[in-house]
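Please go over the structures that come below.
In what follows, subunit A forms one complex with subunit B and a second complex with subunit C.
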Partner chain A sequence: MTIGERNRFRFPVWGVVFSLLLALPLLFFLLRLMERQTADFFYVLFRPKTIQLVFNTLSLILAVLILCTVLAVPIAYLIGRRDFRGSRWVTALLPLPLSIPGYVIAWSLLSMSGESGIIKDLFGFSLPSLRGLVGAALAMSFYCFPILAINMYQGFRELDPRLEEAAKTLGKSRGERFWQITLPQLWPSMLSGWILIAIYVLSDFGVPALMGFEVLASAIYTEIITSYFQDGAFALTLLSMTMTLILLVAFHTGPHRPQRRLARAADLARPYSIGNNTAWFIVFFSLAPVFATPLVSLGYWLGQPSTWETFGTYNYLVPALFGTLQFALPGTILGSLLALAVGLISRYLKGWIHELPGRVLLLLYSLPGTALALCWAVFYLQLFRPLYQSATGYVIALGYLSASLSLGPVRTALHAQSETWTDSARTLGKSPREIFVRIVWPGIKPGVVSGFLLSLGWIIRELPLAVLLTPLGARTLSLAVFGYTVEANYAGAAPYVFMQMALGLSLGLLSSLRRTRDAA
Partner chain B sequence: MQLDIKDLNKSFWSHGQRVDAVRHFSLRVASGSLTIILGPSGCGKSTLLRLIAGLDTPDSGTISLDDRPIDRIPPEKRGIGLVFQEDSLFPNMTLEDQIRWALSNKTKPRFSVEQLLDMGGMTALRRRYPHQLSGGERQRGAILRSLAAEPKVLLLDEPFSRLDAPLRDALRREVRSLFRTTQTTAILVTHDQEEGMALADQLVVMESGRSLQAGTPQSLYAFPTNALVAGFLGRANIIVAQAEGLFAQTVFGPLPIHRPAQGPVRLMIRPEHFELLKGEQFLITDKEFRGHDVSWRLISGELEVLVHTDWEQDFRPGQRVDIRLRRPAVVLEESSG
Partner chain C sequence: MSKFTSILLLALTGWKLVAAPQAETSPLVLYSGRGESLVGPLLARFTQQTGIDVQVRYAGTPELARLILEEGASSPADIFWAQDIGSMGPLHRAGLLTPLDGSFFQKLLPSFRPEVATWLPVSGRVRVLYYNPQKLSLPQDGVSLKDLTSPNYRNRVGWAPTNASFQLSVAAMLQVWGRDQTLRWLQEMKANGARAYANNTALLEAIAAGEIDLALSNHYYLPRALASRPNLPVASSAFKTGDAGNLLNFSSVGILRSSRNRQRAEKLLEFLISAEAQRYFVENTFEYPVIEGIDQPRSAPTIKDYRTKTPNFDYNRLDRIDDVLAVLREAEIL
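Moving on to the complex of A and B:
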């Protein structure tokens, strides 16, 4: 084999620089971890308390998976395979719970249940207190069951009805058809939904912290608060990261939905109609608790005169709103710039190493929030001490997180840009800069903006980084909701919950309006 | 501007397999001429153009313009234009804007935007966006846009292949006259032999990354050096024979050949270079009327021969005939295998 003398190897500068830049906090965590190969560290890693935490985490994951499956599968089946009046509305409303943070649902469940809960006040009987595993599992499931529902919905939609019909003509019974034909086709959707939910459960800090059910993510926080950045925090972070990594690997290597050829309309599962009443009965019992929980609590508390009395005395709604935006806006702008750079690198530079920065971003996004916060803290304390618990430090951390969220839309937009355009422009004598300004940017602008809105909506709800990295005394909406709820002052949290939901919903509305406009 | 390509090589890896897209490719393109590279799809034509334009880097070999090597010059400074197969117009600019942008690099442009639009007959369409133009109009626009940048050499990658036949014909003629007016030096690649023969000043037949033969379309058609070139440019009979000077002995008798040779050779005879006579040697097995001519299949023992004659020859399948050559048979070079 002859390799020409001038087949020069080009060092993939940008891919390497950006991968390193984005992986910095992780690398510093690993660096510090190396120094901790001590007996103490391994003792902490394997002590009974740690094992209890892992057990708690796994039971929470299991409980959430069961609850989510119960909530998601009937709905997904109804909107995927059946036809009833209003099924489109259900499909449209389904992702909505994902825009209400888990800790708001936790706030709402806590304020409803127990001896002094809203239920007691309104109906005279009381729900048992929802602290602990049950409450945590409920709050998380109400938040993230749409992930499974959307996955399963697609699975149901893509079922090939001809296979079932073929089985029918072979004389297979209903049961045989379900177990041997339908389920194997649905299994990949189910499994990928489950893994995504497990990654989320592992990463969430707010819900278990408020529900007083200690799992790895919340225990990292407790460790840092009680004994600073010592072996305990490191050991738990290592454990939770390992679990996330295993799940990520499982997600990327596990059974995937078969790559279907573009289905003709006639090939798609034909929804057949179902009685409107039956359908709505199922929809109501699945969705009502999810949607009603935060709305009822919010309505109740905002309607209480006592709420406004407290609020009048300690009103820092406006400072908290500005505090939130003061971090979230620059963080999201930084994130969009990073996502743009990472997207451009992976789109226009060749070689697998240029895919790496994007992978690093996705990894950061999947990690437990508190584990990520610890990495940032370790990195700052090690290298730029003043950045620890500073506005700039928090904004940078938010920027990385927001970059992972913006990357999807940015990438989609970039891939819609034909290489023929950029190649043509180069042969017309245009420099890469001119090509970006005149050709690429006008094409991807809508994608970048929708990525910005999407991640801004998420960033304003961010909690674990805020808890550990904001300057002391900083006020944000999420910190206020969390702080009041921890003190069991549910009335106090209500105005901030309202503000957060209003902000989140308007951002969601804005971005979906833009999407429909761009589509038109 | 004379373009010289010497011993160009390029290979890449695709799905774990090494693909030699361009192998020992050499070519000289004279100033103001149109060179057409003809080859089946996947023969490395597009890779070759990307190498010349600078969008890909060759493994080895040199590319020079007027004896100055240009291999290390990035595409935007090379002054070599490239027109793609389709949809290369920028979706966010009107036709006029695209041409104006391409022109904006020049301090003293040769043609104005208006002149270019007029030359391409597109003045009425100047305000349109690409999605408001037809396929043919888009390709014409892309060519005008490339000309606006005043490339030293213009490369065209199957520019007409996605258009339907009548449109392709018309556009082809337009483009040739446009290139003559602007004295453009151009290389066009295509897999359409008709297009290659009709347009080219110089025709190059390319196969598996190599240049098989280069020359005028007439010389390549009449005197191919190997069976692949012969077959690619039209129908051909390849006959094994024993040469002795200016004649070669075949199974049906001696034939005149175009150059002296000795020993075993392979001869190429175009079907239309035969004449049919009443005789005994061949049996007519098939006759197809094709409008402008008639196609005959003859056999003699193991040998099958394809003959094209005009419609006046009146034979029927089952009859026996003799054949006569209207010009000497072409001796293919041994290396062709």
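Moving on to the complex of A and C:
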């Protein structure tokens, strides 16, 4: 690392090298795109079916945004503005639903609803089957509403109560106060939450594939399996990437939370206290369906003797568990190293180009999973053939993904570190290596570990890259859950779901506890 | 991170490298277009008996056929097991399959012997219509495919467009009806609200769940399901006599020309048409045996009856999967 050379002008080697390195699969895809301007490419791009796909994708985004808002706003208001016993715990546990992958919720909703569903068996009446838009929207919202809730929570915290009180003194009615004072302050956090959720909806492959609701991300997969990596798949990939890019630009240029000026309001904003019963009712409303859905299905299937009979004759739970860890651990370690390098570059080297590697990582993370998988597959197939569907190839792809997740905590830790120490050490003639080992590393270690845990939790349930890039005969929990659920074998999926939820929730809890501890 | 966790992580990471398979014991590689719940237990028996390890890539048949075509001579696969006979054609024509010894074919029932000697049928299945008898009754002589576009069946029919058996059925339509009629039928089905599912199992469950009332499927998923859930509200019926919907099909296997495990691959093929495996198909997957001396599955239409209902297909010309994909694309189904 070139710590200590930050003031001299020189070509921004590290920024350029890392940006290129990280953008490699994406750049290669764009390069190949040039030669894909064939009749078939444009046929797929503009045919009615594609228009239908875009329409489906947009409807799903809209449905998820509505559901997420309903789920997220009450609880965000509660923990942001009100005080009740246990509110700290609720705040700490709020991100936990993000540990249960959307396709697990899809598995659960599918197995519960319909005339042969769990609800029918337990209660004698049946819900209409949730396959389709409604089920897909529910599964996605249960998974990702915490993204909006956390954004809104911060919005509520930063509300300046003095403004509302002033308006009240001036005789504004309750409604006027809400529309003229409160909402304009909340709007930016709501909007940024919405955009993040829209990016997620665009990117998810598992939920729409299982729910039989065809959107761009799942159609790319269908294109690949029917026509291999041909022009049609390129066309849909380009389309979905463009949509993501528009959202990313909107996110970065849109209205931002008024940061510093009102940040102090958080100290002023004495949360009003609220009756414990009311508070817990709201918590229950937001969180109960999210946790109960997968747990009830899991309890039901694991309680059926027939599940274990089939499991006894044939299963691969242990290989799947080991397979998951075997890819996820090296992938996440690689990711942490990449994140560390990218973090160091942006912290210690000046100039916008050194921010670029981080941006590239963010872009990769935001892309639809199947689109990213296609980029990797094409990259490997044409440049590094042996890496295609190899353990190493999959681990590298996971490493890139994991780096984007680790980057946040690593960066925060790096920026929290004072430059006085590194500057003094340099004055004392210490080498960059020594400075890193003895000063920088001890300070940022907790941040790196947090980033590792956070991204490990995500990487163990990765699906679209696994579908296209894992080596022959590889087993992972995500592939098992997906494979059984696609065949509507909900009982068969149950043991794998259990293992995945156990892993995911323990990592999620661990992350939550660390955050609470650090905050304290 | 404690020292212990670091060591554990390293150990788990490094284990893969240490445990990497040696070349001389490299397992047999099978691309299976048939589902793991069917194939997995059978292969476990094979490994137990012969000591030959089999590594399987499970995926859709069309996807794997396409993959082999793309991989060409560098394919890691030794054997391809397709859900249908149609997928073998393109591989055969591309010269990617190796000719099999005549002894394999002598074991087959005479009427099941294919014209070319590069692939082997291993289990028989027929196309049927699943329906929910609690919600509708079918006419005595069955329905025809073309009946399904009537308003009677609006939003009630399911199909699996990415599934090889469905695609073979479209190949049969192309042969009997010609391209224009087939395209029109597909478009009318779509306009009539036919719902797409990923596979035949999902179709069956969708009828049970009340999502749809009819489905175009292979016959054997139903008896399998009924064996453990006798109250399932699903029944099956052949199509009208002579209708293009009635089609006899076989899951089939071939050895890739690029295989370096030829002898062991032949062992697997021998196993698949052995009495033991054939009985497994009959008893566990309710498919039709392809060799003599094995009883037919009890809960399936008898093959003799069924054959009187099928039109006279030229089975060796059913392998034009490219045409099928093109027509499905044009109908905006794929």
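Going forward, the second predicted complex is superposed on the first by the 477 of 520 C-alpha atoms of A that agree within 3 Å, B and C clash if a C-alpha of one lies under 4 Å from a C-alpha of the other, contacts with A are read in each partner's own complex, and residues count from 1 in each chain.
Definition applied: contacts are C-beta pairs under 8 Å (C-beta built on N, C-alpha and C of every residue); 3 or more make two chains touch, one makes a residue touch a chain.
Quick caveat: nothing in here was measured; it's all calculated off a predicted structure.
K.L.:
Just checking: does A:S418 make contact with subunit B only, subunit C only, both, or neither of them? Give me first, second, both or neither.
P.N.:
After superposing on A, A:S418 lies in contact with subunit B but is clear of subunit C.
K.L.:
Please name the chain, subunit B or subunit C, that touches the greater number of residues in subunit A.
P.N.:
With both complexes superposed on chain A, more residues of subunit A are touched by C.
K.L.:
Tell me the contact category for A:I439 with respect to subunit B and subunit C: first, second, both or neither.
P.N.:
first
K.L.:
Applying the touch criterion given at the start, work out whether A:S431 contacts subunit B, subunit C, both or neither, answering first, second, both or neither.
P.N.:
Touch partner of A:S431: subunit B, not subunit C.
K.L.:
So, does A:L163 touch the first partner subunit B, the second partner subunit C, both, or neither?
P.N.:
After superposition on chain A, A:L163 lies in contact with neither partner.
K.L.:
With the two structures laid over each other on chain A, which partner does A:K49 touch: subunit B (first), subunit C (second), both, or neither?
P.N.:
In the superposition, A:K49 touches subunit C alone.
K.L.:
I'd like to know which partner A:L317 touches here: subunit B for first, subunit C for second, both or neither.
P.N.:
After superposition on chain A, A:L317 lies in contact with neither partner.
K.L.:
Please indicate which partner A:L329 is in contact with in the superposed arrangement: first for subunit B, second for subunit C, both, or neither.
P.N.:
After superposing on A, A:L329 lies in contact with subunit C but is clear of subunit B.
K.L.:
Both subunit B and subunit C touch subunit A; at which residues?
P.N.:
none
K.L.:
What does subunit A use to touch subunit C in their complex?
P.N.:
47-49, 113-117, 126, 128-129, 131, 209, 212, 214, 222, 224-228, 306, 313-314, 325-326, 329-330, 333, 385, 391, 449, 472-473, 483, 486-489, 492
K.L.:
Would you pull the subunit C residues touching subunit A in the complex into a rising list?
P.N.:
Spelled out, the residues of subunit C in touch with subunit A are 1, 9, 12-13, 15-16, 27, 29, 35-37, 40-41, 44, 55-60, 62-63, 66-67, 70, 74, 76, 162, 195-199, 201-202, 204-206, 208-211, 228, 232-233, 325, 332, 334.
K.L.:
Note which residues of subunit B are touching subunit A in the complex, please.
P.N.:
Where subunit B meets subunit A, its residues are 9, 18, 53-55, 57-61, 71, 74-84, 87-88, 90-93, 101-102, 105, 142, 145-146, 148-149, 151, 155.
K.L.:
Within their complex, state which residues of subunit A touch subunit B.
P.N.:
Those in contact with subunit B are residues 1-8, 418, 420-421, 423-432, 438-439, 442-443.
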